[in-house]
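Going in written order, the chains are labelled A, B and C, and every chain counts its residues from 1.
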Amino acid sequence: MVDKNFYNIKENVTLAQVAEVTSAVLLDTAKATEVVASIATMTSAGSEDICFFYDRKSKDKAANIKAKACVTTEDLKAFVPENVIVLISSNPKEAFIKLNEFMYSEKMPKAGIDPSAKIADSAHIGEGCFIGANVVIEDGVVIGDNCLIEPNVVIAHDCKIGNSCRIGNNASIAYSIIGHHCYIYSGARIGCDGFGFQFMNGQHHRIPQIGRVIIGNDVEIGANTCVDRGALDDTIIGDGCRIDNLVQIAHNDKLGMGCVIVAQVGIAGSCNLGDFVVLGGQVGLADHLNIGSGAQIAAQSGAMRDVEPGAVVMGSPCVPFKDFMRQVSFLQKNSKK
Amino acid sequence: MVDKNFYNIKENVTLAQVAEVTSAVLLDTAKATEVVASIATMTSAGSEDICFFYDRKSKDKAANIKAKACVTTEDLKAFVPENVIVLISSNPKEAFIKLNEFMYSEKMPKAGIDPSAKIADSAHIGEGCFIGANVVIEDGVVIGDNCLIEPNVVIAHDCKIGNSCRIGNNASIAYSIIGHHCYIYSGARIGCDGFGFQFMNGQHHRIPQIGRVIIGNDVEIGANTCVDRGALDDTIIGDGCRIDNLVQIAHNDKLGMGCVIVAQVGIAGSCNLGDFVVLGGQVGLADHLNIGSGAQIAAQSGAMRDVEPGAVVMGSPCVPFKDFMRQVSFLQKNSKK
Amino acid sequence: MVDKNFYNIKENVTLAQVAEVTSAVLLDTAKATEVVASIATMTSAGSEDICFFYDRKSKDKAANIKAKACVTTEDLKAFVPENVIVLISSNPKEAFIKLNEFMYSEKMPKAGIDPSAKIADSAHIGEGCFIGANVVIEDGVVIGDNCLIEPNVVIAHDCKIGNSCRIGNNASIAYSIIGHHCYIYSGARIGCDGFGFQFMNGQHHRIPQIGRVIIGNDVEIGANTCVDRGALDDTIIGDGCRIDNLVQIAHNDKLGMGCVIVAQVGIAGSCNLGDFVVLGGQVGLADHLNIGSGAQIAAQSGAMRDVEPGAVVMGSPCVPFKDFMRQVSFLQKNSKK
């Protein structure tokens, strides 16, 4: 049951509307005017709710569905109890997302600038923006239209942010140029100095970090994640990348389009990732690696060498997935003798 | 020597008081009026201090104790130099905690609301709260009595926080319902969107995250730790859980009572942890796992499958502790040939 | 090309100036009045730029240098195309740093205190400091001269900070004494309670944390890194340490001089590191370990036992580097049978 205190909820949604929004087919059209109260999971849905069933592995749960209605596939509908109203979809997961977006939304603040925000005279704020309390926007910053800058954000001098971006509270942006439709989460640190030192005269002497962070369109960067700016060249995050919480992206890293970087990954400096690379949680990459497009590196793995496009690897140091599994079973078998 | 600048210190504490507070027995009652200046470790305690000796492994250190007094067990007292005044306790570690709480305390700010705090009219703040500078409390928030909300905290709309909670500076709370006596540390991010996407039309399309974070009573959540809110169901942290710094807890995770989650652990989405589970530092859990009550997963381990209640496991992928040690020694022995 | 919006750039720098600043020798003195526009990498430098070539592994790139000038060694100059003006340096990497510092600098705010900063009457701020918007400085804090305290920083009561320190925005400092020339990055949490509990009466009872964090001179602590204060003794970070982003340093840890701690390392409580220890990214140390001076622990490794001075170790649990490589190759070879 979605909490009305936190979300806007559309009420009295009929199964006819569900069918329309999700492009699903309501098998028993006599039920078109039936109303659903809430979207819920297969196990938690009650008699007024609708659920979605798209994973064959959940077929045991399906037998116990208590929902009023269930959106599923032609293939899976046989597992749904007879008293549940069925809608057939070629892709129930997409149907779930569409109905979800139709029925629920976050309560967003109205456009406007909080009087406590400190915005430099030379900064430019687009139309329809919300700028929260205690936000600091320094000289020369340009922010596009319809942006949501949450409280206590600091945007350092001369950064550029596109349209329809959201910057979560307490985040820090510096030396960065950010595209449209990006979401930088709370506490993310974008554009800090890279970690570069040279041992000179008995001390670790800082190598000046004079690059930037360039972020494409439609990028998400998770809570408390750090993206350091380039040392000389830029750090680049391609269009459509999804970066989870507590990730470390070092100076000069370049991520292609649509990469998925799960929580607590650490990418050392000057790595090149192709498009649609997937790094599982806690993966570590050594510096200066090339990770080919479509490569997938399993959680907790560590890469010390380049990874070929499309490769699926695992382990620390990582090897092809099958080799890793063979190593695991070899070790398990032989160590017990 | 505890620093008076930072802590309140009770002075002129006599050994009689020590005995009373700690339920320890002062062997030489003629020393009851002797005063101790400070609690210190076995190695750093000087001639005015008191120390605690409860670990047999430290018996070599015991011979060099320079303290005025030492609280130890009947078993261990023989290791303490003769000139040190001895108090006998059945549990010197608990005695240490009790004396510590008696002699020292943090300097807490007085109740009151800083004028720079921005509190929505519809928010409700309980009795005896301290609300620090630049705190932002949005519409509909309810905060119990005697809470300490440190500077620059942002509490988003409609969150509920119980009595006697402390929220460290620069923390973010959203979509959350928090019990009594909880301590959320600086920079923690509670209630951000979970990391959920569906590949649609060539893009990673966000799956709406419309759940909450429900936190029980007497919970601690460490600095810069992230707890994402549920996608549809809630993310739940049970009573008495202790979560360290820089931990990632993903959407829909459910932790039972009294779990201990050490720093930099990453728990992927929809995991179920029983009661009193212990996860060592940097442990990673794959999604949708069940970790049974009392299970212990050693530091840096990775779990890809369910873990039985009470199991003690290690490695990545993790195996029973003894098997892991056997693997390590097998590998070490055989690889050297 | 360094971005003029973000950095101060010295223009019209001649090769004579380059030679002087870097102590390099311009081979063709007729070129002394030639001007360079920008420092760039070997691959990105254009016909007005200068690059630096010091790694023999990059000799293939050298053949394609398009720069106007290149600083390199006597040994490597043969790899540079004939039309590129060559300067000879005994240490081109240091030359790079020196020219970089000569040509570029960050745009720093002017000294002054933002009117929104909340500074306790009993705090003392040195000469020439910048104190940003919404900064909170509590009772008894002492800040040296020429410090840069960025917006939204919270410095809790009685902390001491030396001269020429920089505290990045949204950072938190408590129970800490910090030397001169330190840089604490955005979102770092210095001085939070350590993670210490005792199981008493069926609950995890907090062990009071009444120590401090003592930070030497010339220390850097990365973004969103956490350094917990000591439980009874202090947590100590020695002079010249370099700590990257998202690192966890627990209570009572003691780091010697010049340690390099790469991103996402986790050091459990009461560890002692000697001088110039290097911990690669994501390394984990168990508690109470001694890591000898000059020891190097490779990325993702885990130490469960002490590490000898000067040792180079790898793996989880870590072993000498050569042993680790032997284990890896043994496993790879034998598991394929």
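Here, contacts are C-beta pairs under 8 Å (C-beta built on N, C-alpha and C of every residue); 3 or more make two chains touch, one makes a residue touch a chain.
The structure presented is a predicted model; accordingly, all values stated were derived computationally and were not measured.
Of all residue numbers used at the contact between chain A and chain C, under half are used by both chains, marking a mostly different-residue interface.
Relative orientation of chain A and chain B, expressed as the C-alpha superposition rotation angle, is 120° to the nearest 5. Computed from the mean C-alpha positions, the centre of chain A lies at a distance of 28 Å from the centre of chain C.
Among all residues of chain A, those that touch two or more other chains are 116, 134, 152, 170, 187, 224, 246, 264, 282, 316, 331. Residue ranges of chain C in contact with chain A, taken from their complex: 2-3, 5-7, 39-41, 44, 93-94, 96-97, 100-101, 104, 107, 114, 116, 132-134, 150-152, 168-170, 185-187, 218, 220, 222-224, 240, 242, 244-246, 258, 260, 262-264, 281-282, 299-300, 316, 328, 331-332, 334-336. Residues 116, 118, 134, 136, 140, 152, 154, 156-158, 170, 172, 175, 187, 189, 192-193, 195, 197-198, 200, 203-208, 210-212, 224, 226, 228, 232-233, 246, 248, 250, 264, 266, 268, 282, 284, 286, 302, 316-317, 319, 323, 326-327, 329-331 of chain C are the ones that touch chain B when the two sit in their complex.
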